[in-house]
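The block underneath contains the structure these notes are about, expressed in structure tokens.
So that you can tell them apart, the chains are marked A, B, C and D in the order they are listed, and the count of residues begins at 1 in each.
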Amino acid sequence: MGREEVCKKGCSLGEARERSFWRDLAAEFVATFLLVSVQCALPLTWGRNDIGSGIHTALGMTFIVTTTLWSLSEFGGIHMNPALSLSMMCVRRISIFRGLVYMVVQSAGGVAGAALIWGLTPEQFRETLASTELNPSMTVWQGLGVEIWLTFNLILTLHGCTYTGRKVNILMFSVPIGMAVGTGVLSGFASTGASMNPARSLGPAVMMGKWDHHWIYWVGPCLGSVLATFTYYVVFDKPDKNQKASH
Amino acid sequence: MGREEVCKKGCSLGEARERSFWRDLAAEFVATFLLVSVQCALPLTWGRNDIGSGIHTALGMTFIVTTTLWSLSEFGGIHMNPALSLSMMCVRRISIFRGLVYMVVQSAGGVAGAALIWGLTPEQFRETLASTELNPSMTVWQGLGVEIWLTFNLILTLHGCTYTGRKVNILMFSVPIGMAVGTGVLSGFASTGASMNPARSLGPAVMMGKWDHHWIYWVGPCLGSVLATFTYYVVFDKPDKNQKASH
Amino acid sequence: MGREEVCKKGCSLGEARERSFWRDLAAEFVATFLLVSVQCALPLTWGRNDIGSGIHTALGMTFIVTTTLWSLSEFGGIHMNPALSLSMMCVRRISIFRGLVYMVVQSAGGVAGAALIWGLTPEQFRETLASTELNPSMTVWQGLGVEIWLTFNLILTLHGCTYTGRKVNILMFSVPIGMAVGTGVLSGFASTGASMNPARSLGPAVMMGKWDHHWIYWVGPCLGSVLATFTYYVVFDKPDKNQKASH
Amino acid sequence: MGREEVCKKGCSLGEARERSFWRDLAAEFVATFLLVSVQCALPLTWGRNDIGSGIHTALGMTFIVTTTLWSLSEFGGIHMNPALSLSMMCVRRISIFRGLVYMVVQSAGGVAGAALIWGLTPEQFRETLASTELNPSMTVWQGLGVEIWLTFNLILTLHGCTYTGRKVNILMFSVPIGMAVGTGVLSGFASTGASMNPARSLGPAVMMGKWDHHWIYWVGPCLGSVLATFTYYVVFDKPDKNQKASH
């Protein structure tokens, strides 16, 4: 986010020769690792009824997204989400090479985060380790629709809050992006698990071997992301430059 | 919000010749669609007791209002609420023509949002699709009073945080406006459903055919909005210009 | 808050000749009215078990404090609390005359807010209308201690976030002040009701005729307020001017 | 936080000759006292089922951390946590002398905060006074891992949000730091109690005489803190200076 200058340095394999590229990958790994580890821990109930609810999980996800973006986003943007990297590739805010490498690193970070919680949680309390599962009463099309809808909102918020062509000051964009993830969790907790992020779904799927409808959590977020990107940059295009908001 | 300059460009049908007018309508539609879809999804319980509570709904509404305003408000203000457009017309921050078109677009966006959740939710879990209903133990006057009270607070907050005649810096006004909606939901969840917004009530009413006391959700918010506008611009008028706060 | 210049205009009855004085009183009344009306509505459960909890009430109070301060604080500060006005008088940020008038207006606003909720709520759901009551297992000294402790935290936060002698930029001070009230509600909900504000306690006491231990809710907040003021301006005095934080 | 200049004034016992040193200690004591007193009060249930949950506690901790940092951090940084002071000593943002004295003051503040709540709470409602205890089904290694993991996230957030070598504007860093504490409480409430802070664990341990596995709450946070410091300053080193974010 906010890294338009990335491509100017060379949108190709040449990026890999820069030290900052590897530092960005390290930060992307650490951030995704933290995001998915917290996600896997939040909905666990430990046999109690006062933790692990939808709002408990949503607040925690809002916080971890906001804090990782706020603290680390100068290191290559901190996408933590293949669907976001796809969107950034579409609008050339990152190179295709960087985007593909990010997706690999995000997947690895997601698996590592889920593995940590697997190891730190006694077996009887692991439940599904926050695996994203389709509510049994839904059709796959409804599930796909929920993931498209929630990711559309997330990616639209992200571009609306970070695109410097329209905003003079992208002040504290990490707050609304965290809130958009929170909105998703609150809205889709009981239907699809509100993934909006293939890397987040991949981690617990690998650790628990739960692959039912896993494709929904890749296709849905990617479709929602592309749709939001198209809406923001094509449908809402040609803004009056003097209408830039200063907030 | 923050768009005082709109009227200078011509407060008449002439606006419709500008490309930005149509872009603003598209953004208004998308934002209201997202707002109402999230509103319809939030209070559904899916047969569980850990989601859909008052605070669950309030936090989600706070987030979706904040994120849509933060990300899209440079596109014509993003009112998402006919009661707000009415207030903006009263103080000439938008033209009457634009205000009326906004109301139509908001109503369409609200119905589309409700329709999406209707389609994405299995029939047995649709409940009333978040229709705003008067608590059966209340009189209509009490219900009307609640909607006036909560909308008064919302619109007063909105003008207090966006009126550039008094604030030098309307920094992040989307945060308190989201909070004002959250305050309303927390305060009126069990009495009127805390609409504060005719378009938000219209969506589920159309989809579920629930029209009991529907007029309250148009008259209440509009009265509260006009009362808040009068309070802010007439009762609190003639501020000392040097007392402008810099926060 | 942020109104050091008030006293320069004359710390006496002369203030009453200025139009802005009366406007400030109107804003103080409206803000306290909104604060106490929301406070009275938040903990009501309407016979349900998913609303009215401690966190429900705390989040609502955080929001209403933040929104009233953010939107209206350029009108005379918006204290909404006699204990705060007392503190502001102690450090001469307002005149004694203004402070005493504020306390009267705050009391009137508090009663009006409680009266509104009394009228808008069906009798069977009014409960105690959020009256602040001492938990029956506590001694009065414990209750007094809780009010001192929580108000100390509130007033210390307030001065720390608004004293322009130490902070260059009092950016968005309404956020932490709202949070300080929220902290209080979360910490004292079950013991004293977490008033921290005599006007907030007065409103429901008048409407419901509940005056047991009412003095605690005047003495406790005032003592806590004076103690915090002493701590901030005397114990923490003589800061290095170049250490002013820019956040 | 944000006090790089501290060391330039002399990193030795000479600091104790400055008046501001003693003022900073007073502020550190008051802040830690408030933090731990609120922490001890938040999870108490008073025999009710609508307060004291994980999210109730997490929201309160988020608020108290944010408000103490926002209001007091110009007084020597306000660490409130020996693990943070250790990290600041490692990167020379404070002197070793100051760091060691802070740890003593934090411990004293933590015990004083716990003592206050012990005194203000009727005996039958004191429970464990929020002592941090290992969930009986966990191994000590799992408990140690949880504390390392959560503190790692906290300290990484802290440096990422306050290190002025990378951020031009450390605007409102108190918000994400509060959120990082909230993330920890939400993620570890049922496993280790989510201390992340030896002083916070020490207070109730002293008051209630609960010392089982107490070493975990010193070793875990300190290891997590050092690991996060190493990650931020060594693994993520050599950032492009022109990539400084302006948010």
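FYI, contacts are C-beta pairs under 8 Å (C-beta built on N, C-alpha and C of every residue); 3 or more make two chains touch, one makes a residue touch a chain.
Values in this document were obtained by computation on a predicted structure and should not be read as measured data.
Looking at the partners of chain A and chain D together, they share no chain.
Using CA-based centroids throughout, the chain positioned farthest away from chain C is A. Although chain B and chain C share one sequence, what matters here is the overlap of their interface residues, and that overlap falls short of half of the numbers used. Separation between the centroids of chain B and chain D, computed from CA atoms only, is 39 Å. Annotation: 28 Å between the Cα-based centres of chain C and chain D. Within chain A, the positions touching two or more other chains are listed as 52-53, 55, 59, 62, 171-172, 175. Taken together, the chains touch in the following pairs: A-B, A-D, B-C, C-D.
Listing the residues of chain B that touch chain A in their complex gives 2-3, 5, 19-20, 23, 26-27, 30, 34, 37-38, 41-42, 44-46, 48, 50-53, 55-56, 59-60, 62-64, 66-68, 70-75, 116, 119-122, 124-125, 169-175, 178.
If you check the complex, the residues on chain A that touch chain B are 49, 52-55, 58-59, 62, 135, 137-138, 142, 145-146, 149, 153, 156-161, 166-167, 171-172, 175-176, 179-180, 182-183, 186-191, 231, 235-240, 243-247.
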